[in-house]
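Below are two complexes that have subunit A in common, paired first with subunit B and then with subunit C.
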Partner chain A sequence: MKSNWWKILGILILIYTVIVGMSVPLKPGIERADSISMGSNGNNASSISSGENHVIKVIGYNTNYKDNTNKAWLRLDTIGAVAATKFETISETEANVHFTIPTIFPARDTFQLLSMVIYNKEDGPSILPDAFSIRTNQRSNSNLTEWTVDPITNITDKPGMQFPYRSVLNETIRNTFFHIPLWFSMFILLLISIIYSGKYLKNNNIKDDIIASSLVNVAVLFGILGIITGSIWARFTWGTFWTTDVKLNMSTVAMLIYVASLILRSSINDVDRRAKLSASYNIFAFAALIPLVFVIPRLTDSLHPGNGGNPALGGEDMENTLRMVFYPAIIGFTLLGLWMTSILIRYESLKDRWLSRK
Partner chain B sequence: MNISHIVAIIKKDFDIEVRQRYAIAGIFLFAVTTAYFIYKAFNNLSGLEWNILVWIIVLFAGLNAIVKSFVQERKETYLYYYSLFGPLEVIVAKLIYNYLFTIFLTFVVIFVFTILFGNPVKDYTLFLKGLFLGTLGISSVFTFVSSVSGAGSSSGTMMSILSLPLVLPSVLLMERITAVAMRLITDTAIAKDLYILASIDLLIIGMVIFIFPSLWKA
Partner chain C sequence: MKKYTPFLTILSLLLFSSSSLQAESPAIDFLRSTGKIYSVIAVIVVIILGIAFFLYRIDNKLTKLENKINNEQ
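Our next item is the complex of A and B:
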């Protein structure tokens, strides 16, 4: 029991990951906002000009618009915001918001982006970034008073723990706790396995070979699970199960390399020779994995965060509430992988002993 | 490590190649036949197809050629080499020989393609840079995998499933560089691509030289 504490720890962490990761609600957010009115010069929803009155239909997510006094703003970054003239609640998640777009915009491009902010006491603030692109008629850096009449103040966050709301990700943001930790723990397992492969080449102890190959087996399983979870995630965010995204295809090639190493193992009958060849190939494969997964995806455009100019885990894609589950999940999956490996090692050593006795 | 030993091994490999003429002739006939097959099937190739097909033919012809580099002689002969040369000399000689062979093969394929389809290359310096760096990566991976799979029984299949995923990064980068040399795509960071290809080559060669001594004993 004493030596098994890490197995229990791993399972507890994974239970925590599943329960917290699945049950914590998302922050209230704005799913979409569309203008449903004609502007003064007959402009429809797709092109709003400065100085017009517009009614914007808002569809919220997890929001409670009824029984609350809601406030809405259109925010132009760093300059200020204009408050809504009227907030008509239709249901908990639907509302029509009336705005008067200011006549004077700061001196910048002809088209300027406004973000939408809605606030009530129960939900806290919810933001739709770059909700509208406004065609501006008058641009100057003075007379911007319209923007500062009713600033966004007195805002308090909703109490309790919530995961951030992102418009495309929606509830699939919870896959962060499964898809990414599976890849992380795959890498940790492969790293340990090349250490044992190196040890085998140095000492020729067959035990090291069994450990290394069991680790590769479990790592391949984790990699395949990583591809499957990623594929399901892609279906709900990018629209298809499989895309031409580099990172997807490079990680598939990486999996092919490791599946080939397992086939290589099974093709050789002599135990020492098999151990030697698969240990050499394992070290070589890990070296080949580095350009595949870390170099090539950074060269071309990718839909993944951290590639092709997208922010990585350190950027605004990761919030502290997500980190509270994400980092434990990495440890949990790694411990689970090590437990699976230890079972495989026991099985392989028993087989080895049994075969040698025969 | 002794330079004269390396030269001796390369010369020995070359002599074997010349004496067993059917093997080398078979490889080149493979390349020419495939090129001719493509010529009859496509009639006309765009620059993009030219680029991809040249490298695919080089890849598979090279695979067939290098697979035998550790199994073409008898076991006893290898024992004899083992007593004569260090593992480092053997692997460096094999790497150099296979590299030269792959470059020669590439020029033959490009020559045949030029006759049949014309030559879309615009920037020859860049094309040659990409060619030399890319074939270095391909031939080093093939050399390593043939030293691993040559030991196994069904070396042909084993060789392709082990080495094709491993050469993918070098081949992709090389295709990108040669496509830039044909003005098919534009890339302002082409110097960076060349450096990355060179560093992948160095990584591969370093790993081969690092691992081979423990394989050679077997």
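Our next item is the complex of A and C:
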């Protein structure tokens, strides 16, 4: 029992991951905001023009628009914001918001993007970035009065722990606690396995070979699960099960390299030759994994955070509330993987003992 | 391959039955409802199935080894 504490710890962490990861609500957010009044220039749902009245239909998520403290703004980046003239609540998650867009436009460019901000006391602020594009011919950098009459002030956050709302991700932001830790723990398992492969090549102790190959076995399972879970996630956010994203294809290639190593291993009967071959193969496979998964996706465009110029764990994709579940999940999945490995090791060494006794 | 058939069937039912249909199919619509929360459930189910698959495999391997050892004695 004493030596099993880490197995229990791993399971407890995974229970924490599932319970907290699934039960903490998302922040109230704006799912859609469409302009339903056509301006004189024949505007569409996401473009509005200056100097006109606009009615914007807002669909919220987790919101309480029946709270009567609703306020809405269209925010022009850092310069100012114009407040809504009227907030018509239709239901808890639907509202029509009326705006009078100022004529004078305090920016150098004729084309700007406006973000939608909605605040009420119950929900706190919710933002839809770059909700509308706006065009104007009258510009002035000095006349900002219309944009600063009713600034965004007196805003307090909703109390309690919530996960951030992202318009396409919605609830699938919770996959951060399952899909990504699988890859992280796969990488940790493979890292430990090359240490044991190196140890085998140095000492020729068959026990090290068994440990290394068992770790690769479990890591490959985690990698395949990572590909399948990522594929499901992609279906509901990017639209298809498989995109031409480099990270997808390269991680599949990396997985195939490791699957090949397991097949190669099972095809050799001589124990020492098998161990020597799979140990050196394992080190080369890891050397191939790093450029395939970490370098190439960063050099080209990728939909994954952390690649193709997207910020990874730093930028807006990760928030402290997510980290509170994400980091423990990595430890939990790694401990579970080590437990699975230890069972495999025990089986393999039993088999080895039996075979060598014959 | 034959012994993995139940797992592969469940997996393919989960994944590829819906991929051949249009986005408006009831299965996809259900997974998409309530802010796509059911796609997260699908991800968790896949992970549990993967671990179950691992357990099933090692269970079979151990049974074989046990039989070999028992038969020799």
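Structure notes:
In this section, the second predicted complex is superposed on the first by the 349 of 358 C-alpha atoms of A that agree within 3 Å, B and C clash if a C-alpha of one lies under 4 Å from a C-alpha of the other, contacts with A are read in each partner's own complex, and residues count from 1 in each chain.
Note that contacts are C-beta pairs under 8 Å (C-beta built on N, C-alpha and C of every residue); 3 or more make two chains touch, one makes a residue touch a chain.
Here the structure is a predicted model, which is why all the values come from computation and not from measurement.
In the superposed model, A:351 makes contact with subunit C only, not with subunit B. With both structures placed on the common chain, the touch criterion links A:241 to subunit C but leaves subunit B unconnected.
Look at A:296: by the touch rule set out above, it reaches subunit B but stays clear of subunit C.
Touch criterion met: A:172 reaches subunit C, while subunit B stays clear of it. Of the two partner chains placed by superposition, A:90 touches none, neither subunit B nor subunit C.
When the two complexes are overlaid on their common chain A, residue A:229 makes contact with subunit C while staying clear of subunit B. In the superposition on chain A, no contact is made by A:12 with either subunit B or subunit C. Judged by the touch definition given at the top, the superposed model places A:284 against subunit B, while subunit C stays out of reach. Measured by the number of subunit A residues touched, the leading partner among subunit B and subunit C is C. With both structures placed on the common chain, the touch criterion links A:201 to subunit B but leaves subunit C unconnected. Here subunit C touches subunit A in the complex through residues 11, 15, 18-19, 23, 28, 31-32, 34-37, 39-40, 42-44, 46-47, 50-51, 53-54, 58, 61-62, 65, 68-69, going by the rule given at the top.
The part of subunit B that touches subunit A in the complex is made up of residues 141, 144, 148-149, 151-154, 158, 161-162, 165-166, 168-169, 172-173, 189, 192-193, 196, 200, 203-204, 207-208, 210-211, 214-215, 218. Against subunit C, in their complex, subunit A makes its touches with residues 18, 22, 26, 61, 169-172, 174-175, 178-179, 182, 218, 221, 224-225, 228-229, 231-233, 235-237, 239, 241, 336, 340, 343-344, 347, 350-351, 354.
Every residue of subunit A that touches subunit B in the complex is listed here, in rising order: 201, 253-254, 256-257, 260-261, 263-264, 267-268, 272-273, 276-277, 280-281, 283-285, 287-288, 290-292, 295-296, 299.
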